[in-house]
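Lettered A, B and C in written order, each chain numbered from 1.
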Amino acid sequence: MTDRKAFLASVRQALGRRPGDVATPQPIAGLSVPDDELERMARQVREVMAERAGGLLDEMAEAASRAGWVVHRAVNDSEAVEVIRDICVDSGARSVLKSVEEPLLASERLDDALAAAGMDVRAMVRPEGTGAEVEKAMGELRSRVFEADVGITGADYGIAETGTVVLHPRMGLSRLISLAPPLHVAVLRKGDVLPSLDELFLLERESHVQGRLAGSMNLITGPSRTGDIEGAIVTGIHGPTEVHLALVDRSG
Amino acid sequence: MADPRLNSALEYVFEGFHKGRISAAAATTDWEAQRTLGRAIKEHTIAHLDYYLGQLADNVTGNGGNIFFARDAEEANQYVLGVAKRGNVRTVIKSKSMVSEEMGLNHALEAAGVEAVETDLGEYIIQLAGETPYHIIAPAIHKSKEEVSGLLAAKSGGERMSRAEDLTMQARAQLREVFKRAGMSVTGANFAVAESGSIVLVTNEGNGRMATSAPRIHVAVMGMEKVAPSIADMSILLRILIRSATGQRISSYVTMVNGPRRSDEEDGPEEFHLVVLDNNRSRLLADPAMREALYCIRCGACMNACPVYRKVGGHSYGWVYPGPIGAVVTPALTDLDAGKDLPFASTLCGACREACPVKIDLPRMLLELRAKAVESSGTKAEAAVWRSWRAGMTGRSKFDLAARSARWALRLFARGGWIKRAPPPLRGWTASRDFPLPAGRSLRARFKRRKPERGK
Amino acid sequence: MSESMGAKWRPKRVSLFSTCLVDQFYPEVGESVVRMLERLGVEVDFPEGQTCCGQPAFNSGYLEDARAVARRFLDVFDGEHPIVVPSGSCCAMVRNFYAELFHDEPETLERAAQVSARLYEFSEFLVDVIGRADAGGRMDCSAAYHQCCHLLREIGVDAQPKALLSGISGMELRRLERAEVCCGFGGTFSVKMSDISTAMLDEKLDNVEASGADVLIAGDAGCIMHMAGGLRRRGSDIRVAHLAQVLDESGGGPAAARPGSRPA
């Protein structure tokens, strides 16, 4: 790539490097984590998540509600299903889309509860294969996600510092499902809450070093907001107007 | 100066941002430590920019994306146009990007027959109005609700709304239609990560997410200074960026994109392109006195803090970046005439440096630029004034003589020790302020004749 | 910068750097500084050759002219005694900006560092060096304190003047909204960019008037000249004074340290 070669040469020149000089950055003091330390530190993070699971879930609940989530607590999956059904019913939803990366969402229990309440429930899943037919099916799914009343997803992590839900789009978890419908429900489990952004990006870095980084990551904190009309904060400009977070104490 | 009524209406907005930043900083237990780390990351990265840009390029490509290094705006626009053409793209959605403003990308796309629609609500409003951003975080903050109402109604041919909520929903509906049909998105990048070839986007509205989810092609454009070494750096950079920009702990959405859609993903762009722009940034890089301008993370805190920005408004800076950072980068990145006066439009009060999350010494750079401006385009008349000032200041008797003659001349204009209308060069002062007549006897003269007070 | 020195080090003699503005426009401020120092048992010497620190030319981009004046400043203030200056701005010029000005003149840089190490802003000297935050006497008035930019943000002196003011009994300190925002002076900026400067001054003076104070107190003659000129144009009766003046007029000094006479 000639653009790259010439460009980097001019950067080197601006930095005052002579031909043959090789930039060898040293770690940034007090900041850089060596790769061999990374694994140990990531293990510590996971230990903290487990040991402080209850406290972190409480902190998450508080930070999330400050950040604009409507927070619900459920002791187990059955209660979580009821919580989700009630949210959908209260909002007057008719059409619901869900992701299937979270076991609760993949189960038929939720579908049955929503269907019993008169709602159309679909999973947002790309059909197998490739080619024109798949593209057509995806086009339909996409228009469905723009029309749906509610999108339901799990949560890979919560972040207690900020009240953030973290999602890594992947098989079973569409990028748009937490964004396009006017109401988003996220299900977060006890034990999945990180203390702060620092731990999140440490774990993310570990994933990268281990070669299992997802295609993207979304940090979601409250509803879609704008302040662009005379500084007044209004929700729902592009994403959901309303976001609900269901915190689940234990599975089953 | 801009409309004074408008400016006083805007004061409270900037004061709101400014106070938000201050309380967010106060609520962050180790805020100073975060700033110090943020600055350390930027110092380190910029000092090794060649290395990290190379690493970024390798990893973007390794992820299945494309990277293009553009020397200037023209090259960057041509690349983006090429991507659009190859993809048979008729509509491009744009997520807020100051670099694309710098490139004039919308004009380039439209000249090539490609529809370009801004999706950040503020940017959308000013695009409908045919204007340029007033502020890098709040681009349409100068538009009244009535103006917005007229613009949105004209767009859809629908009725005029009056509540901000209804206007927002009207814009949502208009932009949804564009999201559905757009074949390509162009976003900025708040940060890029060298080790993983990622870009990070911060929005409150969700348009950054929409842009990285819905269209088939995603192009991100960024200034070359936006790269950081590691994923682990993101927590610090995001924290200081967001808290400084809006006073929030975090924005509604932060998206890290690590290349195009993976084969097993449900949705997402099939193509990912990253355009890295120099556009004279290497001038700043090459100048040790100006290099730290490249540490800027575009949070806007310096403009919110700046008493001059608050008075003159965002359209007075002549180019894309307003406020103190604009006054520093505009003269370096452009050859615009407007840039030459900008370094002088400051009282050097230091509020910008205090607000800056990466502690950029903006007043020092403004001083540097003043000296450069004098060197390159100072007038003979002004140089003569300073030469005579210097002569008067380098000898006490000359100083006293100069002071006496100045006082003698000014006495003609004074009444009761004050001057209401002074001759040039003090005319500007007395336009709005009285000017005091110098004292009859200097401190030096008084000191000579006094008896010391007794201590205890 | 000198907290560690506490009050243990008690210089007998100081040199006064009056600044060109005080020398020519506000000699009474300089006299107050001298009286306060003498009442606190410090002899004051006025180096006769002094003129200016060079800041006006430096801020305007005329570095050679600034250097000539700054070098002369270093000559005039060569010596051993501490130097006291009743200005945050001129103090910042010597302490912070001489390093920029002389970055490629190692010998001058060294001399500048020596002079800087002896240089103290007036309130900083009283509080941090000789440990007299209680040097105020009595003055019955209501006052507002404007935080001059260079004093606050270049040399970080803010607690010291506030401590000295709160030591004046009878003085009611009023809250001044946005006291830390620039008044719009900025040296030649006030003349060259008169309309922006005026807009900034107007906001400052609106806040000053809203504070209800009779006296507006500041620590830099430039800001004082600017705000006083603006208030006079408005027809306001509010007096603008330097910190040294109110301390002096309050009868501050050793006899003034009356325990228990703090204002509410």
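FYI, a contact is a pair of C-beta atoms (placed from the backbone, for glycine too) under 8 Å apart; a residue touches a chain by one contact, two chains touch by 3 or more.
Quick caveat: nothing in here was measured; it's all calculated off a predicted structure.
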Distance-maximising chain from subunit A - centres being C-alpha averages: C
Interface ranked first by C-beta contact pairs: A-B
Centroid distance [mean C-alpha coordinates] between subunit C and subunit A, Å: 54
CA centroid of subunit A to CA centroid of subunit B, Å: 30
In the complex, subunit A residues that touch subunit B: 1, 3-4, 6-8, 10-17, 23-25, 28-33, 63, 67-68, 124-126, 138, 141-143, 146, 161-164, 169-176, 179-180, 196-198, 200-202, 204-205, 208, 213-232, 234, 236-239
In the complex with subunit B, residue positions of subunit C that touch it: 18, 20, 22-28, 30-31, 34-35, 38-44, 46, 48-52, 54, 56-63, 65, 68-69, 72, 97, 100, 149-150, 152-154, 180-182, 184-187, 189-203, 225-226, 228-230, 232-233, 253-255
Touching residues on subunit B, where the partner in the complex is subunit C: 1, 4, 7, 307-308, 311-312, 344-351, 353-354, 364, 367, 370-375, 378, 383, 386-387, 389-390, 392-396, 399, 403, 418, 420, 425-429, 431-436, 438-439, 441-444, 446-447, 450, 452-456
Subunit B residues touching subunit A - in the complex, by the definition given at the top: 12-13, 16, 37, 40-41, 44, 47-54, 57, 67-71, 75, 119-122, 125, 138-141, 143-145, 148, 164-165, 167-169, 171-172, 175-176, 179-180, 195-196, 204-207, 209-210, 212-214, 224, 229-236, 238-239, 246, 249-262, 264-268, 276, 278, 282-283, 285-286
